[in-house]
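In what follows, subunit A forms one complex with subunit B and a second complex with subunit C.
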Partner chain A sequence: MDITIGHARKRIAAIRAEIERLKQSEFPYTHPLDALDLLDNMFEHQQAVLEKVSPTAPANVIFNACSTSVYLLFVYVPILGFILRSTNVRNAFESYAPLLRLARSILGPKTKLIISSEWAYSPHVYQAITDLPDFVLIGLPAPESANPLLIPLAGHELGHAVWKAESYSTKFGKQIEDGILKEITNIRWKEYEVVFPQVKKEHYLNNDILAGTIWITAYTWALRQVEEIFCDFFGVRLFSEAYLHAFEYLMAPGFPGERSVLYPNMERRVLHLMEAAKELAVTIEPGFASRFKEEDEPREYATKLLVSTADTVSSTLVPDLIKQVLDIASSRMIPQRNAGNVEEIRAGFTKIIPTAKDFRVTDILNAGWRCYLNADLWNNYQQIQAENRDRVLKDLMLKSLEVSEAYERSR
Partner chain B sequence: MSYILAKNQGEKGLRALDLELPLLASEAAIDIDNLLSNRSKELTAIRLLADQLRNSIEISSIGEPPRSLMDPPTLSILGEAIARAAGEGYSKKVDDLLTEAVKIGTELSSEDPTRNIKELERARDFCVALSMAVVAYHKSISDLSPQHPFRR
Partner chain C sequence: MILKAEDIYRELMSPKDINDPLVITPMLDLEGLKNSGSASVDMRLGCWFLTFRQSRIGVFDIYEEHTDIPSEAKLTQSHYVPFGKEFVVHPKSFVLGVTLEWIRLPSDKAAYVIGRSSWGRHGLIIATATGVHPGFTGCITLELSNVGEVPIIVKPGTTICQLFIHEVHAGDPTKIDRSSFFGRRKPTLGTIELDQIARKLSTGLT
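Let's turn to the complex of A and B:
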């Protein structure tokens, strides 16, 4: 056992040494350094815990102590990589201050933000990190991390932080639990009886652990789906049309193959987005839904039944989720895209002029998207060649974000 | 304030998705083992886990069965940990599992946990089983996330 504990201790020592090296990086803002300090404290404690393990302890105690320390590495090594990549100049640093301000207006003044890039083609957020309280970590795929047109996707990722901060899992958990059990014992009982013959209806109704192993799978998937739907709605509320455009840019038409059980399938995800857009008075481009392809449902019958149950329950919560987004946005006084401002900024961009006023990030991003979607943009400007059009537009957007930030700081 | 106390402030209950939970349970198991072997008398992690157990179960004052305040996955994981620590043939009924969880919680928060060695050994095995079950649950969710098609 000595050797197993010894390896575990050395692994933690190695990660602490790596954190020390990371601290020498040139960070453009302080929050990544704060995160590294917190993570080092956590690993220092883990080192002390491993020091307490006696080589004569029972094998299950030793193995578990060593396994959980590996689990910590499994969780935190990618986050350390994320923090390191936050130093990279490919990130759109111009968007940092406006996004931090937005995050603080939603989540409170203690919020800390790290924006970085990921070498995986999906925007994402690291959430519920116990050792990084008040931190929001938002990442865009590396080839797009400097693209201001995709900043609206941060709205979805901020939604995850809101979901956690407001304990919405607890709020919606009971509705999901009731919905799943009703689906199983009432509506789909004949199917469940065939697929899981060892579990009787009373096992579900009496909250038997045996039944729990089955319905909790559907519950977990439904809860995750509901969170993702909420985050999409939150993105639409924060960034209006720009969110729908950014979503389409990154996600359409989708992949062939089986859908993820943790999200609604793409067809339903788009449908829900459109429902929310309608409620929030956000314009949907003609043909929006048709540009996403259907995903395959799972082939394995038990998975298919469980995910279909989760789908039904998560769908029923859509009106509640829209209301929740409206309520939280209103209570935090989150500004909405202003059509007049968007038009004014757009008019400037069409003359290749960044805004010289204090406009909100949502207005700048929406103006950018309107220009991006205008096929005739700058046709009269012979000095802007077609292949440079996107680059010039992105520069105008980033410069406008900087100008707005300068106004904010001069207040 | 120690690191572990700072992390577990407030009326915290058990939550399967809490990253802190498997670490706390693992540390409690180590501390219980050190208590059993007379190597140390460190009780912080043990007490904190006992508090979380207590905050997760409502005990009736009129003799009714205890009631879970946990979300369904957490209850399922707790049941699995109790059943594993108890061995084969243990009850699958939620009421029995909660009654057992209350007993373990009481044992962990007693003035002198070492007065009943047998119960303390069972509590140690429960802590290990809880820690493992929570990590397994986290893993079951992360395994569903898309991986690179050519990554092995």
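Let's turn to the complex of A and C:
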């Protein structure tokens, strides 16, 4: 066993040395460095724990210390990679200050932000990082991390941070539990009886442990679906039409193969989005829904039944989730995109001029999307060749964010 | 004719042609411009810099037809310095910066970028009368060189150079320079292309 403790000590020492090297990187903003300090403290503590373990200690003591080390490395090495990529000059650095201001208006003044890029899965937010309290990590797809048109997707990621901060899992948990049990016992009993014959109706009604092993799966999936639906709605509330466009850009027509059980299926997800958009007075482009394809449902019957139950329950919460988004946006006084401002910015963009005052990020992003979707944009400008069109628009949008920041700071 | 600051102010506030305006944004001190009495408008340093990666290229040679001219990404490294942070220009170093201001010149205006003498006297040379043609729109790339003896700290938002704007007379307003620098927010190297005459003149006798 002594060789295992030796390996663990070396691995923790190596990660601490790597953190020290990362700190020498060119970070434009200080929050990633703050995160590195916190992670180093955490690994320093683990190093101390390992040092205290004698190679002759009982096997279970060595096992626990080593497996904790392996777990910490498993969780935090990808986050270190994320932090390192936050230095990449291909990121949309100009969006940092306005997004930090927005995040702080939603989550409080202590909020820290890291904007980076994701290779594995994007857009992505690292949820519930115990050792990085108050941090929001937003990653845009690595090949397009400088694309301001995708910034609205940060609205979904901020939604996750709100969900956690406001303990909405607890708030909606009971509703979901009741919904799942009701759905099983009142609506789908005949199907459940066939698929899980060993569990009787009274087991569900009494909520005993035998039934729990079954319905808890549907509950867990419904809870995750409800969180994702909330985050979509939050994105729509923050960025209006721009969120829908960015969502479509990234997600349409959907992934091939079987759907994820942790999200509503794509067809339903889009319908929920449209329902929220309608409630939030956000315009939906004609044909929006038709650009997403139906995803394959699970083939295995028990999974199919459980996810279908989760789908039904998560769908029933849509009105509550819309109300929750409206309430939180109102209590934090989060501004909605202003049609007049969007039009003013758009008019400037059509003359290849960035904003000339401090507009909000949502207005700039919406104006950018309106220009992007205009096929005739800059047709009369011989200086802009077709292959440069997107680059010029992105530069105008990012410059506008910087101009707004300059006005904000120079007040 | 060079425009006085108050003329520039007037052009910015009420353009002669709203479809072809003079634009400078952000214009953080409009009142200062109006009352300055000078014949230029101050430009501030932007947040993006380009430094050169000397170790990645042997020589920069545009005359060898079969030699690939290295790309900007291979030749240079980008740096983003947000407001509040600093960038150090070391003695004998040469870096590219960019104006914070995005400029749009109408078809009847051209401009020159001139370094501020106060920086020059401390060794920081900024551009050498960069010409900006009618119809240009974008941020202007600045060539920063420290010819002094001590490192110089610069921060985005600092007034670093000045723009002299000229009236342009006659000519067809639809004929404009198709500059490769058009519509950019970052400094750029651009490309040096030999025209046919230069190509002929640069070829030796056989």
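FYI, the second predicted complex is superposed on the first by the 396 of 411 C-alpha atoms of A that agree within 3 Å, B and C clash if a C-alpha of one lies under 4 Å from a C-alpha of the other, contacts with A are read in each partner's own complex, and residues count from 1 in each chain.
Here, a contact is a pair of C-beta atoms (placed from the backbone, for glycine too) under 8 Å apart; a residue touches a chain by one contact, two chains touch by 3 or more.
The structure presented is a predicted model; accordingly, all values stated were derived computationally and were not measured.
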Practice task
Pick one for A:G212: touches subunit B only (first), subunit C only (second), both, or neither.
Solution key: first
Exercise for the section: Report for A:A65: first if it touches subunit B alone, second if subunit C alone, otherwise both or neither. Expected result: first
Handout entry: Which of subunit B and subunit C A:I3 touches, first, second, both or neither
Key = neither
Handout entry: Contacts of A:V75 with subunit B and subunit C, given as first, second, both or neither
Key = first
Exercise for the section: Examine A:I129 and indicate which partner it touches, taking first as subunit B and second as subunit C; both and neither are also allowed. Expected result: first
Practice task
Specify the partner with more touching residues on subunit A, choosing between subunit B and subunit C.
Solution key: B
Problem - subunit A residues within the subunit C interface of the complex - result: 26, 28-29, 89, 93-94, 96-97, 351-356, 382-384, 388, 391-392, 395-396, 398-399, 402-403, 405-407, 409-410
Handout entry: Residue ranges of subunit C in contact with subunit A within the complex
Key = 19, 21, 23, 25-28, 46-47, 78-83, 85, 100, 102, 104, 135, 137-139, 157, 176, 178-179, 182-186
Handout entry: Contacting residues of subunit B [partner subunit A, same complex]
Key = 3-4, 7, 17-20, 22-23, 26-27, 29-31, 33-34, 37, 39-40, 42, 71-73, 75-76, 79-80, 83, 92-94, 97, 124-125, 128, 131-132, 135, 138, 141, 144-146, 148
Exercise for the section: Spell out the part of subunit A that touches subunit B in their complex, as residue ranges. Expected result: 41-42, 44-46, 49, 52-54, 56-58, 60-61, 64-65, 67-68, 71-72, 75, 120, 122, 128-131, 169-170, 173, 177, 206-210, 212-213, 215-216, 219-220, 224, 260-262
